[in-house]
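Please find one structure pasted underneath; my questions will follow.
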Amino acid sequence: MVVKLSGHLSTPSHVELIAEYANIIRELWVRGVRLSVVVGGGDTAREYISAARTLGGDETTLDRIGAMVARLNAMLLISALPVIAYPKPPENLEEFLEAHATGKIVVSGGFQPGQSTTAVSALIAESMRADILVNLTTVDAVYTEDPAVKPGAKPLTKITISELEEILMKNIDYRAGKYKLMDPLSIMIVKRSGIPLVIADGRKPENLIKIAEGRIPGTLVVPDIESEDR
Amino acid sequence: MVVKLSGHLSTPSHVELIAEYANIIRELWVRGVRLSVVVGGGDTAREYISAARTLGGDETTLDRIGAMVARLNAMLLISALPVIAYPKPPENLEEFLEAHATGKIVVSGGFQPGQSTTAVSALIAESMRADILVNLTTVDAVYTEDPAVKPGAKPLTKITISELEEILMKNIDYRAGKYKLMDPLSIMIVKRSGIPLVIADGRKPENLIKIAEGRIPGTLVVPDIESEDR
Amino acid sequence: MVVKLSGHLSTPSHVELIAEYANIIRELWVRGVRLSVVVGGGDTAREYISAARTLGGDETTLDRIGAMVARLNAMLLISALPVIAYPKPPENLEEFLEAHATGKIVVSGGFQPGQSTTAVSALIAESMRADILVNLTTVDAVYTEDPAVKPGAKPLTKITISELEEILMKNIDYRAGKYKLMDPLSIMIVKRSGIPLVIADGRKPENLIKIAEGRIPGTLVVPDIESEDR
Amino acid sequence: MVVKLSGHLSTPSHVELIAEYANIIRELWVRGVRLSVVVGGGDTAREYISAARTLGGDETTLDRIGAMVARLNAMLLISALPVIAYPKPPENLEEFLEAHATGKIVVSGGFQPGQSTTAVSALIAESMRADILVNLTTVDAVYTEDPAVKPGAKPLTKITISELEEILMKNIDYRAGKYKLMDPLSIMIVKRSGIPLVIADGRKPENLIKIAEGRIPGTLVVPDIESEDR
Amino acid sequence: MVVKLSGHLSTPSHVELIAEYANIIRELWVRGVRLSVVVGGGDTAREYISAARTLGGDETTLDRIGAMVARLNAMLLISALPVIAYPKPPENLEEFLEAHATGKIVVSGGFQPGQSTTAVSALIAESMRADILVNLTTVDAVYTEDPAVKPGAKPLTKITISELEEILMKNIDYRAGKYKLMDPLSIMIVKRSGIPLVIADGRKPENLIKIAEGRIPGTLVVPDIESEDR
Amino acid sequence: MVVKLSGHLSTPSHVELIAEYANIIRELWVRGVRLSVVVGGGDTAREYISAARTLGGDETTLDRIGAMVARLNAMLLISALPVIAYPKPPENLEEFLEAHATGKIVVSGGFQPGQSTTAVSALIAESMRADILVNLTTVDAVYTEDPAVKPGAKPLTKITISELEEILMKNIDYRAGKYKLMDPLSIMIVKRSGIPLVIADGRKPENLIKIAEGRIPGTLVVPDIESEDR
């Protein structure tokens, strides 16, 4: 299982939430659930990227800064998981694979420019041959439309990855630090890998336990092939 | 200037063409043109990716193999540019930046899974603050429609990046080794960086000299902002 | 010349100050002043270290987090110095030396646990055989006593390193993120290297120009041997 | 056990054979046989080295290209051994040792200029303290003379390493990509390490099972000391 | 358990002692004692540092040479611990943590300039969350005063870290290769980590077994807090 | 020009000689002679390899120790060449090439197991496309026979590489630390590269100046092709 934790929930201001996740991850580890975690950059990333843009940094450098902040956030979770977590967030997929080979829980942040941390989680899931990718974010599910705009939008319990793509790819801003829930690259990797994806509310850590036990909160995103015999 | 040379033109079967490019690059170097080159994986990549897929490799591993083959192709050009070329193709953007800091010509192949070599060239152009990105490929220009299908399709001399996006993003196959001329990630990076892009016929090495001298063969793709006052 | 910029002045909330320093550094570079810069972790470091401590992180891990934040701050200055700055903050002295060998301006943050960023600046000055180490901080000089406590404390214009040691080493808190102006290790390295040290007010960027021109604001700390024939 | 698989059998055109080897290796792994595999560069190496030589590459660069192709071939076997194979072929002995310390099956290609992949396999056997080195090649045994030239040449079932040296060291071409069955460096390492060597027909994967079970096809090459009390 | 073995006992002239330690470490490993070892530079370090100083080397370079010699000494112990020791001494704390994650016994030498090998052992103990740090040196205990000077000095069986600090920090020479039993940085790290420290005679390898069995030869140095309720 | 300095002349007991070489190298550097230096392991290597062998180290590990000692010796020369020498001896050819790309003087020691430091110097000469390889050793020339055994042996002023091979390859001991003047691998690389080789007395540093000025002391070893028209 690969767990992506939104950057909005990974910075120092969410230290209690991170502590809860650490407890759950330790618990799952003891139960034999093999997992890997990816965290986002959140407000700290936005703050540093904004400053670097003011200073004239190019977009590639801004992406690198965002990835570095996400790795910094990863260190918080690593601090809370002595012995069982790999001590260092990897800086690219090769380093992830080497760390993963030790059998420890690898906590990653960002990798390379042009890749959101969600894309990182999808690549990790693919290379680990994970059974499921869990995207813990700040919405409780995927909706038929943007619920902030359309009050009548309905949460979806099960959709295909292509259906998700249609919903999400309408409004994308490519500038660094502005990646949406699932950017095109992330969708592309989830699609080609055929790994089921869960999008659930990360503000409720108990959701992670539920998912590990097969009870899916939020939205289950299935591969396109499976959708045919739904 | 960042030059992307199509993988179709970078493998051992194009050794004479590579030799011609080496001569031109040496010549431009002496004239003071600061450039960086990226080559693709071509037929060798396709052959290895196909074998690895047969063996059960996951898509991330296939992408890594494709990137590795492109680096192998990069070694051919490096062989032909002693003293002035950096001796090793970088494996990610950080390594590229470190190599570039020495002042040598860096010849790159692929970087990381999920990124085509064209995306690599766009990231490099952005981080080098290049004045132009040149995509030397196996077509002589961007056409209004696919000339293989529509005989009446017309070559375009100047379009905006958004116009290119519309033309190209219709038919994309995301599986490893199947990236088209410009995949969405490459378009996204070119777009956000605002760097002019030339798409020209790489089978004619003299095109590179022309471009260095400001005469644009093929299609010039300009940033969206510039298009407004065209 | 090695310039240490206090972490209190290196975070995104001081973006205008960082921009001013970038201009001055570029100006000095053009004048032929060969320099290297080290920045501290500041408030961001304190925030992350505090969170990691709450999560149960050991002091070594907290030190690593502090060093990582300082490197993140270094990226801001790097963003503002394209072409002339080395693209990546080194993670240890070996990496610094390799980066420095390219002839670019290396902007460093923290290196290793047990070393403050001030100690890093002293090691860099020693290994670069710098003519001077400049510590730009949030006080305008070294005082005879702590001016916050003793209103009658007087600023010192010139003292020996041993005199500085006596003044500073009285009250040190060794926990991560609590290093004072000059910790014992920094003093030790400055002492053994015999490099003159200037402690000046970093809130006034013009101080850096003054120092480059030989006009010393704040306090000049000279090696012990020189003090004998003062 | 260290298994060297000839480059002639490691390229994409031998994908079925590689698949068979992957199955056998997985099977042996489950039985508790701790092994490490080294593959050669084969036709792809020859093709790239030839192109690089045409382009003016020096012999050291050609050797590096050969080693890189062998690592590319190693990726094919890695693709077929998810979870149990280390994800990346090492680039030198230090990296091999680090990878081996994780307990995974390390699949290597070439290391450094001046070393054939057979020499790599001998160094790995020595450093792993392997009980046996198996050289799976395209001949079924060592012969008294070159069977291509002398039709009456007889296969040998057991010889000493010095006897092998005498037979093989007569005709060696040192240019890159032209290493013979066992180059002098490989012989030297096998000799000093005292590890038994089997030379057998790699076109028959079942030979590997036989060897693991103690039934030696082809030629067993024993240390010189053992030969005395034969 | 982290064991620091004095450089005076780690060079080739103490090969029998090293062999005894290797046997004890192997024995403890089998009993399930998880340990990590750090060795010093000793006479070889002194010899190389002295030569480098004559040649005009700066103190940072001398420190790097001292750390390198300690890593060379570490290779002797690694030679004697095949299979169970990690094959390479780490060059900094990050590398140590990565090596430690494999579960092998990591044998370290020096890390970075400004840090003695004793400081390295303290950082490792802290980051491993070791239960005890054992400093095997060439005195049999900490004395009330320097026994070489004051014949009536008495050995101490139990003191606090602050008491040790008072005794030791009186006479420190900071030049490379001149670190005393416990330099200030080492004391600082032991203090902040709260890990018990044993200082015992390393010339008697059986002392290590005693300590592993809870019988403390030499001096036990307890954290300051514990001292209050002694 | 690549200069190999015998390990017998590179250890701390030859500090005055090393200082003389540092002066000459600095002088040649100023004159515009682009050179790279390789030093051997000498007595320190022998001492450590002997201890490691006693401790049960395998031959690959002994080779690694020998290479590490040679790198330690390289640090002495680096200490004496601030600013113009690359700060770190490379650990393999790839690292050498990266260091060399900065334009600094790279001082190397050993690289990888199975390669003597002389083989390292030959690989470096080949990859740098050096005009000459200078082997400064403890004999004043190559003799017709071993002068220690045959008093009537005559020094040779000019021979071909194949003639040298015949003279030297008679008596080789392959165990670690026992490589002779020119081992087979070194001969092979010199042969294939076609670079002229000078074997001269390294105890007389002025020989290096002579060679730089085209006056050859000792023996000049020319490529085989040249010998034909002698």
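A, B, C, D, E and F are the chain letters, set down in written order, and residue numbers restart from 1 in every chain.
Operating definition for what follows: contacts are C-beta pairs under 8 Å (C-beta built on N, C-alpha and C of every residue); 3 or more make two chains touch, one makes a residue touch a chain.
Predicted model, so just to flag it, every value in this text is computed and none were measured.
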Co-neighbours of chain C and chain B - touch as defined: A, F
Selected pair, greater C-beta contact count between D-E and A-C: A-C
Chain pair equivalent in interface to B-C, over half of contacts matched, among E-F, A-C or B-F: B-F
Greatest separation from chain B - chain, by CA centre: E
Inter-chain centre distance, chain A versus chain B - centres from mean C-alpha coordinates, in Å: 30
Rounded Å distance, chain B centre to chain D centre (Cα mean): 36
Cα-centroid distance, chain A relative to chain F, in whole angstrom: 54
Contacts with 2+ other chains: residues of chain B: 58, 61, 64, 82, 87, 94, 102, 127, 129
Inter-chain touch pairs (all): A-B, A-C, A-D, A-E, B-C, B-D, B-F, C-E, C-F, D-E, D-F, E-F
For the chain B and chain A complex, residues of the former touching the latter: 58-61, 64, 91-94, 111-115, 119, 123, 126-127, 129, 174-175, 184-185, 188-189, 191-193
Residue ranges of chain B in contact with chain C within the complex: 94, 97-98, 100-103, 127, 129
Contact set on chain A toward chain E in their complex: 82-83, 86-88, 99, 102, 104
Interfacial residue positions of chain A with respect to chain C in the complex: 12, 15, 18-19, 22, 44, 47-48, 50-52, 54-58, 61-62, 64-65, 68-69, 71-72, 75-80, 82, 87
